[in-house]
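I have a structure I would like to understand better, so I am pasting it below and will then ask my questions one at a time.
All chains are identified by letter, namely A, B, C and D, in their written order; residue positions are counted from 1 within each chain.
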Amino acid sequence: MTTSTLSGVVPPLLTPLTADGDLDLPSLERLVSRLLDAGVDGIFALGSSGEVAFFDDAMRARVLEAVTGLVAGQVPVIAGAIDMQTHRVIQHLRAAERFDLAGYVVTAPFYAITGPEEIDTHFRAVAAAADAPVWAYDLPVCVHTKLAPAQLLRLGQDGVIAGVKDSSGDDVSFRRLSAANRAAGSPLTLMTGHEVVVDGAYLSGADGSVPGLGNVDPAGYVRMHRAARAGDWEQVRREQDRLVALFEIVFQPVGKVGPAAGVGAFKTALRELGVFSSNVMTSPMTPIEGEAVERIRAILTETGLREGASV
Amino acid sequence: MTTSTLSGVVPPLLTPLTADGDLDLPSLERLVSRLLDAGVDGIFALGSSGEVAFFDDAMRARVLEAVTGLVAGQVPVIAGAIDMQTHRVIQHLRAAERFDLAGYVVTAPFYAITGPEEIDTHFRAVAAAADAPVWAYDLPVCVHTKLAPAQLLRLGQDGVIAGVKDSSGDDVSFRRLSAANRAAGSPLTLMTGHEVVVDGAYLSGADGSVPGLGNVDPAGYVRMHRAARAGDWEQVRREQDRLVALFEIVFQPVGKVGPAAGVGAFKTALRELGVFSSNVMTSPMTPIEGEAVERIRAILTETGLREGASV
Amino acid sequence: MTTSTLSGVVPPLLTPLTADGDLDLPSLERLVSRLLDAGVDGIFALGSSGEVAFFDDAMRARVLEAVTGLVAGQVPVIAGAIDMQTHRVIQHLRAAERFDLAGYVVTAPFYAITGPEEIDTHFRAVAAAADAPVWAYDLPVCVHTKLAPAQLLRLGQDGVIAGVKDSSGDDVSFRRLSAANRAAGSPLTLMTGHEVVVDGAYLSGADGSVPGLGNVDPAGYVRMHRAARAGDWEQVRREQDRLVALFEIVFQPVGKVGPAAGVGAFKTALRELGVFSSNVMTSPMTPIEGEAVERIRAILTETGLREGASV
Amino acid sequence: MTTSTLSGVVPPLLTPLTADGDLDLPSLERLVSRLLDAGVDGIFALGSSGEVAFFDDAMRARVLEAVTGLVAGQVPVIAGAIDMQTHRVIQHLRAAERFDLAGYVVTAPFYAITGPEEIDTHFRAVAAAADAPVWAYDLPVCVHTKLAPAQLLRLGQDGVIAGVKDSSGDDVSFRRLSAANRAAGSPLTLMTGHEVVVDGAYLSGADGSVPGLGNVDPAGYVRMHRAARAGDWEQVRREQDRLVALFEIVFQPVGKVGPAAGVGAFKTALRELGVFSSNVMTSPMTPIEGEAVERIRAILTETGLREGASV
C-alpha cells in the first residue's frame, strides 16, 4: 500500500438514476465528462452524495464498474466502502478489488455504539484488508461519532489511513487536526467536505475539497483551488462567494431533509443544466418537484450557470 | 400476511461465538433450551443484543438456520432485518424466507437522514415484500430517529406493521402510543425493550417485553409476565426489583460503551452460569476481562442466579 | 435543617397572570383552594410550570408571599430557587427566608457548562446556605445536564439534599436511583415530574409526584396516589389512563413549543374550567388561541372534567 | 439608538478575582492596559469568558464600573446582559445605563424552551428598552438554541440588532448569514467568537473577532486583523497558525470542562505572564493546578509569549 497523493478537487459523484431506479449511464457519462473537462483532480464514487447508503452490493458494483470505465485512469477514483461494521466494510473492499481504485473512504462503525478502542481496531482491520489506501470519513451527522484529531493523527502516523475527508462541521477541530498533522510531518492528507467554506479550510491547511456542489459547478471549485495554490486569496474568496450563492439551491425544497433535499437539489440542478435526464432519487426518497424547481432554476441563472453563462 | 399474535416474553437472543468469531452452536443450544425451559413466549433472533449490526449476510443466515432448527416450532421466532435502507432490508427478508419465522423486526432507515415521508415509504415497501408480519423497532439510540406514536399507529391501522418493539427510552411517548392504540382497537402489539421498567410498561399497556437481560434470567421475566397477567402487582414489582439488581452487571465494565459493555456483560454472565463457553464478542469489540468479571459474578450470586439458587 | 417528610401529590403551581402580566390573585386563590380541597400533600411554587424562568426577583417574592399566605400552613409549600449559578440561587434562598417554606428546589448550574465536581460543590454550597431542606431538580431538557444516580445518592447520604424531583424522562435511571436509594436506607425522597407515567414511577419506588397536569385535575392524582398506597393497582392504572387522555391538551397548540404549549394548555384548561380569569403567559410567550382552545375544551369534556362531571 | 460601528478585535474581557472571589482591580488594570496597548478596537465585558453566568447583579455592576473607568472612552465597551429571559435582561440593561457603554450583547432566552416567535419578541423587547445598540449572541453550546440566519438578518433589517457575535461553531451557517447580510446592504456587523478560525471567518465576511484567547495574546489578533484588512493573507494565516498553537492551553486541564477548563487556562496563562495575580475562578469552579500549569507554561514559551519573546 502506497501513501495516496490524491489532493485538490475530488467531487463526491452523484449517481444519476432512471425512472425505475437503475443506473442512468448516459447521464453518468455526461457528468463524468463534465467533471474531467473542468479539471477535477479525482473522483469519489459511492459517497453519501452518491446515495451509497441506499444501494445494495450489486448496485455498488455497477456504479464502480461504470465510473472506473468512464474515467479510465484519467484521474484517480476513490470509492466509499460505507457500512455498519468492520466485516461488511471489508466485504465491500473485496468486491471492489477488481476495479481500478486509488483508495477507499471508510467511516467509523455506526448503528451499534462503539468507543475509541473499537474505532481504532476497526480502521486497522479495514486497512489491513485493503489493497489501496484508506481514508477516514468524519461525518458525525450520519455516523454519530466525531473522530478525534489525536486518534486520526495516530492512525496516520501508523500508516493505517492516508487522509481524512472531514465533513464534521467542526472547523475548530479541523484546524487543530491540521496543525497537529503539519507538526507531525503531514502524514495525513486533509480534505474538506464543506462546500461553502472551502476557502477557510484552505487557510486552515486543507489539501483539497470533496464538494457535493462540485457536481453542479466543478469549474468553480477548480478555479478556487488553483487560486488558493497561487496565493490569490481575493480570487479564492470571490469564487467561494459565488458558490455560496449557488449552494442556496439545497435550501429550496420544502418538507424534505437530508439527501432528499441536498442531493435532490444537486440532481435537479443537473437536470436543469441538461446533464442529467432526470432528478430521480433512490427509494424511499422522492424527487424534488413544484416551486422548488423554479427557485433552483432561478439560482442557477443568478449564479451564472444557466443561459450561456461561462462556467 | 396474518396479524401476529406474538406477545409475552420474547428475549432478543444473544449469539454465542467461538474464539475465532464463528457461531458457537453448543452454547447456542444451551441458551435456547434454557429460554424454552423457562417458558418464554417467543425468541427474537438477530436483534441488537444478537450483535446483528456486526454480522455479514452469511453469518445472519447461519444464525437463523441454527435458531429456527433448535427452536423447531416450539415458540415463534422473529428475526431482525436490520440495515441502513429499504433495499438491503428487503434483501435480508428474501434471504430469510426459507426459515420458519413468525415476523421481522425493522428499524427506520439510518445513516442517511430521512424524514417522516421516507420512513413511511420505507415501512410500506418492506411490509409489501415480507412473507410474515413486520414489527417496527423504535431504537433512537442507534437509529437516531424517534418514531412518532401517530405514525406508528397509522402504520398499524393500515396493516403495515403488526407491532412495535419500543426501545426508545421515552416512556411518555410509549404511554401515549399505548393509549392511542387501545382507543383505535389495538391494531398494534406493543413490546418494551427496557428490561428494568417492564412493570411500569405493563401498567402502560405493554403486551410483553423483549429484555436483553432475559437471556440471563428468563425465568424471572416469565414469572413477572404471569404475575402481571394475574394482576398480582406486588409480585410483579418484586421480580422487577430483583432484575433491576441483576441489571447492574451492565455497568461493571470500565472503558467500554454500547454492546461491548451491555451485551458483553450478558455474555460474561452466561459464561459464569455455565451456559456459554466464552464471552467472545464480534470484532472490533473485545470481551470483558479482569475485575469487572468478578463484580458480575458477585451480582449473579447476590441476585440468586449462582450457587444453587433456583432460577 | 430536618429531613423533609414531604411526599405524595405536590403539584407545581401555575402562576395566573393579569392581562398586563401581573399576578392574578383571585385566580391564584381559586387554584390553591381547588388543590387543597382535592387533598394534595404539598404545593411547589416557582417551578418550571410556574414560569419561574420568566420572573424577576420582585415577581418571585410576590408569588411566594401570595402562595404561602393562601396556603397558610395547611400543607407544606416548597419553592423553586432556579437560577444560572450558585450565587444567584443563594440570593433567592435569602430572599425567601421570610416565607413559611418547607424546602427549596434547585437544579444543577446551567448556561455555563459545568462538570460533576462543580455540580457537587454547587449543591453543597446551596444546602449550607439554606434554612430548609434542598431538593435536587433533575431536568435535563432545561438544564442540559443529567444528574447521575450515584451523585444524587451520595448527596442524600451526606444530608445535602432531602430528595429528588425527577423530570429527566429517563425511567431507567430513575429505577436505578430508586433501587440504590432503598438499598442505602432511603436517604432520599423521590418524586416524579412525569404526569403520564406516575403509575410506573410508583412501582419503581417513587414517593410521590409533582405533576403539572395536577393543576388541572388534582383530585385524579390524589385518588391515584391513595390507590397506590392501598395496593389497588387496577385503580391506579385506571386513573392514570384517564389522566393520559387529559394530558393530550398539551399537544393541541400549533406552532408553540415548551411552556408556551404545555403550561399554556394548563392555563387554558383552567380558564375553561372557570378557575382562571385568563390564559395569559409571561412575555415573550403568547397565550393559546383559536382552534386549539376548542380542542382543549373537547378533551376536558371527554375526560369528565367539564359539564357536571365529578372531579 | 445609532447603529454601532464597532468592529475589529474586541476581546471578551476576563474578570480577575481575588482569593475570596472579589474583583481583583490591579490585575484588571494590567489586563485592560495590555489590551489597549495592543491596539484592540473595543472591549466586551461580562461575556461568557468574563464569567458573567456566575455573577450576581452587584458583581456585574462592579465589573462594569471598573472596566468603563479603566477604559475611559479610549475604545468602545460593550457589555453582556446575559440572563434567562426578557425581564431579567432588561433589568441588566437598566442597571448598566449609568455606565459609558457602546452596546449590549444578548442571547436568546434559555432554560425554558422557546421557539422562533418568542425569540423574536424577546429581542424586540430588549432592543426597545436599550439605550445603546443590541448585539445578538449566538451561543448554542450554552443557550441550546441556534439563531437562524434569516431571523438574524430580519432583526438587523428592522434595526433591532446592530450585529451578531457568532460563537455557534457552525461555519456553514455563518457563511450563509454573511452572504445574505451583504446582499441586504450589510445591516449587521458580524463578529466571530471562534479564536482558532478567525482567518476563515474573515474570508467569510466577518468584520472582526471576539476572541477569548485575545486576552492572552491581543497583539496577535490585532496583527491578524490588520493583515486581513491589508489583504495579506499569508500573514493572516501565519498569525492564526501561531494562535492555534497557543490555544492548545485550553486542552491541558484534566477533569475540567467548560469555562473551568477554557477560561481557567486563559487566567492561568495571564498569571504566568505576570498580568494576573492569581488564576482564581468563581465558585463552584476551582482553579487549574498541577501539571496542567506546567504544560500551559511550556506552550506560552513555545509560542513566543514568555521569556522576552516579542508579543
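The criterion applied here is as follows: contacts are C-beta pairs under 8 Å (C-beta built on N, C-alpha and C of every residue); 3 or more make two chains touch, one makes a residue touch a chain.
The chain list, named the UniProt way, goes like this: A, B, C, D = 4-hydroxy-tetrahydrodipicolinate synthase.
Nothing here was measured: the structure is a model prediction, and the numbers come from that model.
Ranking every chain by how far its Cα centroid lies from the centroid of chain D, the top place goes to B. Rounded to whole angstrom, the centroid-to-centroid distance between chain B and chain D, based on C-alpha atoms, equals 50 Å.
Averaging Cα coordinates per chain places chain A and chain D 35 Å apart. Touching two or more other chains at once is no residue of chain D.
Pairs of chains meeting the touch criterion: A-B, A-D, B-C, C-D. Contacts from chain C toward chain B in the complex involve residues 169-172, 175-176, 179, 194, 196-197, 199-201, 203-204, 231, 233-234, 236-237, 240-241, 244-245, 247-248.
Across the interface of their complex, chain B is touched by residues 48, 51, 53-56, 59, 82-88, 91, 109-115, 117-122, 125, 141-144, 255-260, 282-286 of chain A.
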